[in-house]
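Here's the structure, in structure tokens; my notes come after.
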């Protein structure tokens, strides 16, 4: 008992001490409402967890001074104009040294332009549009793999398995279309089967399921998020379709399992930026902490965002001052080992984190199939 | 050549024949009354002549020129003006603005006409603020601003109180005396129309039943039968 | 090919059922009050949320939750009729604009209360699979088509044989005449509104377990339902049924031959083309307030 | 007279904003966005407010102009100004062509057909990857090239472009409304059949205002994507079209200043309030309902009433 009391007192004390410390406001652009609000929540979860950890550890020092981190989050609602406004406000009103986040590629493009205006580094943690990092914007960085990178890993894997022609059920938005176009480029037009697009908010895939059954596809790729994903798999399996399923990073988690059941998922593979149960020290600690804070299994978007904030802090430390250009230089030269793997930006500001392919086992666990060097059996993915 | 002629007009709405072979011609200006029981096809005839409705068959001629199927605005340009059974004015426009909208006559004429019907004090008021009867007067006065050659009035006296009633009668007569044109007036109020018209046309079941001087029409057994039957 | 067409037709019937459920409520209200309530889709969504709430928090019975949400939505509908739509009677533009305001307010209120993430409503009783020929369909699918057909039949019977139904038909046909023969049209108004929103709740409660319960779930059914009633002829109940099914089946069949990312466009293009040929819709009734 | 002095003062203030807000680029940014939202709203005001045509696909026409200009600038190397003209013309042409179909319908039919065309145009922007770059957006839209020393990079400079665009739109609205053309539009809204009986070719006028409204939408769209330096289908959705209706109605449909007031409230206020996003849209929704119920002339009407009360 006394030790608990002591610990509580220490915590209170450290909190009081922390309060007195200087704070660095870090800008966050995300979707708290609008069509991307659901994944936006995972993004914020990742940022909040990183913020909590950094501050609990006493903050970080820049140029000899200790700071705590504070998130200044704005809702951009998947709308480019709102994104530009939020960025402008962060740059000129809140005067933050670095901004992170965003989910939507089109909005990210508007934000990136403002970031360049103010020489304010913008670190994307979710948008996947490949052309974002092709604009010659030196202040734009992307932690997560873009669509081309994701599909490259997966296309290689699918080609090796001989799962072509490959059919699709895909969101008719930047993520879904980007995925289909990337696969088309990598596998070749002849290897692409039926492509069924649906709009965000649509939930009935029966027309697509029927067409896939009537076609000759060896596998079906589901390019969408968790919520429609669970419905799509249910509808595919309930219709008696036994085709190999290929999913996205939203579909390789225990939370996803809760939406469905092991029988329907068995055998499905998905690419993943982050296998929450991999036997890697950093992943294990992150997953445990995440589960403790949010009561559910960690999400890839959260992991990417968590790493993003940690990385930004490391860059500020390395830069030695809270100034955009210095932080940009630091980011460009930084090598950071995060939850999602090693993050090192190329000349275009794109990181190349590992992309995993995991597969559902009969007991509701996952095995890692790809990359070869991390291959592990059920329970690891 | 007739000023206005319709030949064999037919128009069906669903199963109902609103016009069934209607022939009618007006050779010269005058005030003509158009009467008939409900459903006789009077308003449909107006709608066809003013281009709101296209007939299924038959022709409409003005000065011998075939104008069948012309849209309303073209017929208006050709000198056809009308008022509506349900009384239409632009409620947000002032009385004066209502009269000047697309007018051929100048503002002085508008003010004179308003004076004739005792509406000059409302010239600057929005039409919506008028009583129904006053709005009816405004609507009818407005039709003259286009300087029409053919004027169709659909139940001008309906819903107008007796005081305005007389104003209206006097106004129509004055206007006719000033410039004789073809007035075709649908009216249920016999007193009103008999006093005004020089000739009465009776319609029944989509066609012309009788035509003649007011007293002759009133005495016709066929007309009586149509109204009672 | 033939089986594919048959199968897609069946899929279209399923999707169309949902459009019809939305369209029926809208068309009843339109017929009586000449109000086109664009917020009907979000009311369907509210119905699903309430059903979810009652099901998970209050009673474990799906049927009870469904009935409760229907009752709640009927009350909400009656309140909206009183507060918003009755005062705007006769003003088409304002009604539509007010209903756009309701969409914004209600949808974001739901997000504020329940969050943006989809809720799952698992009703074990409806999770069985039904074999039809060589194909299998979830029971809930069949249930939706069945319930929709039952509602259509019930609604027709209701309109034909009950006193209120007759009053609704009379008021739709000619409001003035209905008033003259002593039908209390204002009472018919709010009752119809309640009935219409109750139908939306039923739709939401039915599709909730099959799909998910989320804030935008009513958007697509509303837009497609609108297209359906336009196609069928504004104000015509049989028209709404036929129109809704045509949209659903067209969408499903179009996936056989056309790129699927233009599926919506195909449905709308069909609507516009049919309207150009039959400007008042397939079951075109006279359009009131045309000018 | 007082009105003219007020207008002159307002114009002077608007021109002086960059000097006054030199240290507050964010204020300029918000004012620019206000202008960019007000421009299409002016077009919709002519259609909805003056003529009574409730288009639920208005912003899709802004998208047509925006993408036309974007493709011409980026892929064909046209100058901003030429591309702007082409974008505006493109929107006008799309408005005239699609309007010709939509205007065959009335009331609710018209609204839903415009909604349908809005969604179809959106699909094209979202799906035509080769030309529009698809759903991920079209980055790298340039700002106008500098005129001599005057570059459009700094916010204060772009502000004058946005303000110029907005003033042009409001001037067009003013000229249209006070002309006989405008009288006809207002007459058509009040009673189309009567206007026809008075010799108005309703279809011609409605087509003209549909094309004009779409052209203004296009002007706004081109400036919008040049300002953001990205064109994305997300800027031209049904939700954005509904927002445009909201701006017009809240500001005051059928009033000259309505679109400006509406845009200011819609863009400016939330940027300053920054209350939780859901509640902000709940509030806007409720405001929309209340305005249709109690203040059909919107904010412009309320302000005019207040002004009269002050003067009396």
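A, B, C and D are the chain letters, set down in written order, and residue numbers restart from 1 in every chain.
Just so it is clear, a residue touches a chain if its C-beta (ideal position, glycine included) is under 8 Å from a C-beta of that chain, and two chains touch if they have at least 3 such contacts.
Small disclaimer: the values here were computed from a predicted structure and weren't measured.
Participant: What's the farthest chain from chain C if centres are computed as the mean of the Cα atoms?
Facilitator: The chain farthest from chain C, judged by C-alpha centres, is B.
Participant: Based only on mean CA positions, could you tell me how far chain C sits from chain D in angstrom?
Facilitator: 32
Participant: What is the distance, in whole Å, between the centres of chain A and chain C, each centre taken as the mean of its C-alpha atoms?
Facilitator: 37
Participant: Using Cα averages as centroids, what's the distance between chain B and chain C in whole Å?
Facilitator: So the centre of chain B lies 45 Å away from the centre of chain C.
Participant: Of all residues in chain D, which are in touch with two or more distinct other chains?
Facilitator: Residues 126-127, 191, 193, 276-278, 281 of chain D touch two or more partner chains.
Participant: Could you pull out the residues of chain C that touch at least 2 other chains?
Facilitator: Those would be 108, 111, 259, 261, 264.
Participant: Please list each pair of chains that are touching.
Facilitator: A-C, A-D, B-D, C-D
Participant: Considering only the defined contacts, which chain A positions touch chain C in the complex?
Facilitator: Within the complex, chain A touches chain C at residues 32-33, 35, 37-38, 40-41, 172, 177, 195-204, 206-208, 210-211, 214, 227, 230-231, 235, 238-240, 259.
Participant: Could you pull out which chain D residues touch chain B in their complex?
Facilitator: 183-184, 186-187, 190-191, 193-202
Participant: Which residues of chain D touch chain C in the complex?
Facilitator: Checking each residue of chain D against chain C gives 48, 52, 54, 101, 104-109, 111-113, 115-117, 119-120, 123-124, 126-127, 191-193, 238, 242, 245-246, 249, 276-279, 281-289, 292-293, 296.
Participant: Within the complex, which stretch of chain C touches chain D?
Facilitator: These residues of chain C touch chain D: 30, 36, 84, 87-88, 92-98, 100-109, 111-112, 223, 226-227, 230, 234, 259, 261-262, 264-265, 268-269, 271-272, 275-276, 279, 287, 289-291.
Participant: Touching chain A in the complex: which residues of chain D?
Facilitator: Within the complex, chain D touches chain A at residues 24-26, 29-30, 33, 36, 126-127, 129, 133-137, 139-140, 153, 224, 227-230, 232-235, 271, 274, 276-278, 281.
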